[in-house]
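The letters A, B, C, D, E and F name the chains in turn, as written, and every chain counts its residues from 1.
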Amino acid sequence: MRYVKDIKDGYTVQDVYLCKTKNSATTKNGKEYLNVIIADKTGNIDCKIWNADSAGISDFEPMDYVFVNGEAKTFNGNLQIDIRQIRKADASEYNVEDFIPTSKKDVEEMYDAILKCISTVENNYLHALLEEFFVNDAEFIKAFKLSSAAKSIHHNFAGGLVEHTLGVARLCAFYAKQYPAINKDLLLTAALCHDIGKIYEYSPFPENDYTDEGNLLGHIVMGIEMAGEKIKGIPGFPKDLANELKHCIASHHGKLEFGSPKKPGIIEAVALSYADDTDAKIQSFIQYIEDAETYDWNFSRAFDGSIRMTKGE
Amino acid sequence: MRYVKDIKDGYTVQDVYLCKTKNSATTKNGKEYLNVIIADKTGNIDCKIWNADSAGISDFEPMDYVFVNGEAKTFNGNLQIDIRQIRKADASEYNVEDFIPTSKKDVEEMYDAILKCISTVENNYLHALLEEFFVNDAEFIKAFKLSSAAKSIHHNFAGGLVEHTLGVARLCAFYAKQYPAINKDLLLTAALCHDIGKIYEYSPFPENDYTDEGNLLGHIVMGIEMAGEKIKGIPGFPKDLANELKHCIASHHGKLEFGSPKKPGIIEAVALSYADDTDAKIQSFIQYIEDAETYDWNFSRAFDGSIRMTKGE
Amino acid sequence: MRYVKDIKDGYTVQDVYLCKTKNSATTKNGKEYLNVIIADKTGNIDCKIWNADSAGISDFEPMDYVFVNGEAKTFNGNLQIDIRQIRKADASEYNVEDFIPTSKKDVEEMYDAILKCISTVENNYLHALLEEFFVNDAEFIKAFKLSSAAKSIHHNFAGGLVEHTLGVARLCAFYAKQYPAINKDLLLTAALCHDIGKIYEYSPFPENDYTDEGNLLGHIVMGIEMAGEKIKGIPGFPKDLANELKHCIASHHGKLEFGSPKKPGIIEAVALSYADDTDAKIQSFIQYIEDAETYDWNFSRAFDGSIRMTKGE
Amino acid sequence: MRYVKDIKDGYTVQDVYLCKTKNSATTKNGKEYLNVIIADKTGNIDCKIWNADSAGISDFEPMDYVFVNGEAKTFNGNLQIDIRQIRKADASEYNVEDFIPTSKKDVEEMYDAILKCISTVENNYLHALLEEFFVNDAEFIKAFKLSSAAKSIHHNFAGGLVEHTLGVARLCAFYAKQYPAINKDLLLTAALCHDIGKIYEYSPFPENDYTDEGNLLGHIVMGIEMAGEKIKGIPGFPKDLANELKHCIASHHGKLEFGSPKKPGIIEAVALSYADDTDAKIQSFIQYIEDAETYDWNFSRAFDGSIRMTKGE
Amino acid sequence: MRYVKDIKDGYTVQDVYLCKTKNSATTKNGKEYLNVIIADKTGNIDCKIWNADSAGISDFEPMDYVFVNGEAKTFNGNLQIDIRQIRKADASEYNVEDFIPTSKKDVEEMYDAILKCISTVENNYLHALLEEFFVNDAEFIKAFKLSSAAKSIHHNFAGGLVEHTLGVARLCAFYAKQYPAINKDLLLTAALCHDIGKIYEYSPFPENDYTDEGNLLGHIVMGIEMAGEKIKGIPGFPKDLANELKHCIASHHGKLEFGSPKKPGIIEAVALSYADDTDAKIQSFIQYIEDAETYDWNFSRAFDGSIRMTKGE
Amino acid sequence: MRYVKDIKDGYTVQDVYLCKTKNSATTKNGKEYLNVIIADKTGNIDCKIWNADSAGISDFEPMDYVFVNGEAKTFNGNLQIDIRQIRKADASEYNVEDFIPTSKKDVEEMYDAILKCISTVENNYLHALLEEFFVNDAEFIKAFKLSSAAKSIHHNFAGGLVEHTLGVARLCAFYAKQYPAINKDLLLTAALCHDIGKIYEYSPFPENDYTDEGNLLGHIVMGIEMAGEKIKGIPGFPKDLANELKHCIASHHGKLEFGSPKKPGIIEAVALSYADDTDAKIQSFIQYIEDAETYDWNFSRAFDGSIRMTKGE
């Protein structure tokens, strides 16, 4: 398959893509035509269907996979495809993975690293809780591996939640080593659970947008509820420990104005909020660097300032 | 019983009070003595026990009720009691209500008004949920009636939670009448449930301080969990309705920086946040007016500015 | 007359509209043409005049009413009108009301409700002041009924000032009933007068934009001056009462950063600022709901967040 | 008279002072006594009256002038006066000026400079307005000369309003010379009138505290009303000019959060807000330097940071 | 030469301009063409080169000077040039000054005024330091005269740094006269040096954009380093004086959030920060007035509000 | 020596302490006495010298070491010492280390770890720069080892700068391992140099207060100047690398409002600012935990909220 990012002026396109939007329009001479945006995991491209009566046109809707036959052209400095033929595609004609941006790292390898992390948690209750999620709950595991950690900016791809969770957990493990006053088991458990609510906050790829309950409640509230549910199933789980863990989830954004209903009040909550922020911001910068190709300064919304790649010499 | 606020210079005090603090000290001439603060629902007063060896002194602790025999005197402009005799009191010697500030309004009457409010909710699921809390859950009802709505400033007395909840519910009922676009049942239910988490956020009177889970999680998170629990017990409770109700609880502080993990996103959540804020602020002002005895301007921390009683003529 | 919101692709348009803008342009082939935007109370639409020499073209200016004869077409997904003929219209050819968005509610009915409100004010001085404005000052009454309460977002239509003033007054009347500490007469008077300065802050419809003195002084300062003027004409009006009323007007935005030169310092001022904010925000949400046709989340500038219609079940 | 700042340990005090506060108290041994604070324009000092029965004690109230006969002593590191005798003083026994802090500069000289400023205003209407206030209104002139420009920090002394007004006017005259785009007459008039409302915002010395209308309305609103009143008396005063002048008064705090109901929107308003802020802040620093006697750093509330005198070499 | 601002619809253009950008594109019919933006000191204009094969097209790059032969036309309401012929220009064909916006005032005259300012500084060390920069360092002097004081909004033209520096110095000289507590020599020196780092913060005209070290360090840090360097070359320069001067440079933005690493802590630093802000804001307003041609209100990003020219009568 | 924290009611004190303050006072009966505060590295204690004529009293000043002979007593709940005899101590009578709070960790061991860190820096220029400071500059090394990293809250003891620098460097080394996009050499160098300016920002112990240049310039500006100086001595040090390193120092507080003149604009600067903040905040929490002895919640100024020790079970 030819990915969107590889389409160039003059190419003939004959492949299946995801239809993102579909709108009818009329030329100055009164001729009707269609504006369509198609996409795959590498990007979007505008298309025009000048012959609005051509077969198959009325058979597809946005978020359908469509077979596209057309010509790539530059118009007003932007590439677009003049579509000769378009029709809804059969499931057999495409591979869903081509439409889902994924982590550059191996998700299964990272998940194994998470399981290894879990094996270092010595507190029985916390260990049991982690196993309930990451070992015993097949539905959770599947959703967790497919989920992103954000809509945009950082870890905004399938596997992103695994990658971010592992990054945070590793920072936390290091903190616990460097600062022995930290309760390692509590911090690691909190790190692994801090974003579990995200599996319900975003819809699955290829959409990856806020769900209704994501908008209404957010991953912090949902994560606390999910943890609370599992904890109820673990006999004897100490109430104080449960509350401290929930507190870490509640406060992991660090500040009320970032959507945490409580500020960090115990050292593990403080540490978690730093690990979460550090991993997110450094990964955001890495994604910027991977895209940038110059040492020029660019304004970054995420950093609210100008940033550039490092020369270092 | 002679209430603290009625003790005057020269009075002989012979009654039971609540011991708030107890510290030993030494006079300039090296004599040991005790500083004790005693309280009832009307206020606090400092006491000195000059004879540190007197009987009964070592038998009581802070938060014990104590029988006090002493003399009220003015020292450095403040009233204090020179205690001749002090001892732990028997439960038979005092009435706990004397140590709990209470609403000036009748709690049972207000509770009846809440029940009447509930009877106007037509949606079966919401009505069932409200009955689960306010009719069927005896433990909840008892705690709800005794709880305050805040540590200080407004509704900081037993029955305060009932009074504030009713005040908010009445404002909401009026909003629903004035603005028909509002879903009355959802708004009323949200109004009645918005602060239910407070029964666990503050310890019971006479302490009325943040509990450990109050500090760790807060009444918003706990209220959502409490509602979620009850909802699970109501067969067929619609998921969307449950989420919208939880959203109203989650967002009732109106802004992230006030501890809501979500901003109001539906009209009932907007309305609830206004009702909550309006009732709290106007009640704060009323409590100020009830204490103030002049038309002078006073700086108010709650209003972050100078305020005064209205002359109005 | 065919309203702008009812014009569809393919329609022939032959009606009078308000010309909002008029600019000349040149096609790629060097042919001159005109871009014109026409409007009525239901919206705007772009027009092209390809024959720049056609009769009548040079005779009209922006903010003139023009007779338009043309064809509606879709271009690049947007509707536009290809104008065959256009000329300045006679006053006899159109009805100004078609160009002024108006309240869905009956303005006269609402005004009667305001008068009824006034009749409940028992304080002689305040009652006299209200009559000076709302009963005796014909020029004020006419402008008040025609004015909007805002440029956009909420009550941004003729009659909007009446509707908003009545909404605020009703909330205030309810507050006074629920919280007897409030001076009802002062609060009602303040509610009815809080936005009187708006009749000079916005130019009359169809323009409804900030006037020069609106920009220089704003409705708060002008409202205080207007009230002060009338008060001077009422013998014996108590100075303290006048200052408290002016204070309510001055502080009704609630915070300095919202343009109030003073924060609310008496309970009626606090109550008024809540009523004003509550009515404005709930009405903004209602206008959003009336336009929205889905349960999808939309970002709202007014609420600085995502909002949606309530499902409620 | 011996000023408060000159009283030293061991001195015998026999003079008239202003009584600021008067409270009764009781010694540890049960003896009643009085705490009194007396003051003059140089400061305050605590006093004790050990013999609570001595003649004259019940005859004076706070804000009375009292004759004091006593001994200055150091107690706990602070100076206090043990009063042997105290009584209300006759108006003939003291000079009110001794109790009013005054500008170090000659108020009449500064006022003459203001009049000279006025003589440079060429616009007839503005010139007439200034004469109405500063030449023709004897009551205004008297109050203006006696008023401070603030309760504390800068120009907080009688004559302070004259000094600050002159300082601002001189900065403005310089701006108009350096930046010819500025309308000199408008800016000078605005500078001279910007704080006229302060004569009603503070009570007269020796109190110098916010008046009731100062708290309710503030000097900006009152200043606009005062200017409006005078303008009405000047036939033909152009409306636009009046509004621009009022706008300068309205916006002279520069930002909404500093209590201006409008931000500066014309160049003279911008210039005035800078002149006002510059003169206030530099004068605050000068008053700090005049008090400080070391090059040590001190935290300054006014500057929200540490400040020190300049060494300069 | 015909300046960009003077080009009108229908003109034939035959002159040298600076090429700002150059991009290839394709018409709907598949024909390739070029979009080019050309500029001089008066503005920018879009150009189209329809014949992409014409001679000379591949020989120039952005930031080259090019000879343009074409026709000015209006398209979609904007002027553009249809280029018939274009080629890289010889240095002999244009005058660099035509591409550099310059101060309306004579730079040399203003520089002389700066030198006169310097001659009034009596402190030997400060005088020596100023001469090191403004008299002895030819490279500095040249760069200083050519530099702007900002990328946009105010003094964003060659000579702007001289003009702003002189404006600030004159305000400071006036402050020192009006407030004798100010150390005139220190303040004047600080005024003259406060923005010296700007010669390295912006690239030279015609680019005038942030340099790499401008982005990394900014003019405050670089200015302190530049001053420190020169000071080291002046034997006996007092350490305290050097630190106070550097402090003035460090704190001249007045607040941390504006990029000053320290807030003003001595009176000269306070005064400098006011002078800098006053001159920048008033000059911004003047540049707005010079462009505006109506008394209409316009939203200004620089003032974060609506502004207009003053009528004044 | 008996440390201040070990003095108990009834103890006889006969040791050398540091005199922090010394003030004369007078008892109610007119007897003069002295208030003195003495200190060592473990804390402060109030003292009274009732016999103001006793030998030696006039011979010592604040910040002198004094031999104290007295009795510890409790007065008003606070311990104080009634001094019988006091005199200036000989240098031979005390050990300066007893008056300097020091890191609980071995400073030399931590310094060795810093040197080991340096040995991992492969870039020749950066390595040379680090050696210039940490190996070759004896004066710097001595000051660096003795300095604190803050006046209070965290690392506010001798060796604190070493401990904090090492903590930050270790976090940075871990980041570089976890995120390979980071330039390890640049980040490590920046970590080791980020607070070098602190050796001049605080005066040496036992004072540990802001120096004059600390107040005027701060450790960020001074650190950049120190680095710049050393860099000039290293032939061929690349300009870009120098600027990037200085940028890391400049931006290590992460935000302008925290005193950084630039926000982090390269990934190493972002990483450094997180490491600095993380180490400071976690260490602050650790110092809190080490002092706290209960699981009660306490309000923390540093965290602007309530915090407590973790139960963890």
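Going forward, a residue touches a chain if its C-beta (ideal position, glycine included) is under 8 Å from a C-beta of that chain, and two chains touch if they have at least 3 such contacts.
Worth saying up front: this structure is predicted, and the values here are computed from it rather than measured.
If you take subunit A and subunit E together, the chains in touch with both are C, F. With contact taken as defined at the outset, subunit B and subunit F are each touched by A, D.
Relative to subunit C, the chain whose mean Cα position lies farthest away is F.
For the self-contact between subunit A and subunit C, the two sides draw on mostly distinct residue numbers; the shared fraction is below half. Centroids built from CA atoms put subunit D at 61 Å from subunit A.
Centroids built from CA atoms put subunit E at 43 Å from subunit C. The multi-chain contact residues of subunit E, meaning those touching 2 or more other chains, are 212, 215, 240, 244, 265, 297, 306, 308.
Chains that are in contact with each other form these pairs: A-B, A-C, A-E, A-F, B-C, B-D, B-F, C-D, C-E, D-E, D-F, E-F. Within the complex formed with subunit E, the residues of subunit C that make contact are 23-28, 30, 32, 35, 210, 212, 215. Across the complex, subunit E meets subunit C through its residues 9, 73-77, 295, 297, 306, 308.
By the touch criterion given at the top, residues 212-213, 215-218, 220-221, 224-225, 228, 240, 243-244, 246-247, 250, 256-262, 265 of subunit C touch subunit D in their complex. Within the complex formed with subunit D, the residues of subunit E that make contact are 123, 167, 170-171, 174-175, 178-179, 181-183, 185-186, 238, 240-241, 244, 263-268, 270-271, 274, 277-278, 281-283, 285-286, 289-290, 297, 303-313.
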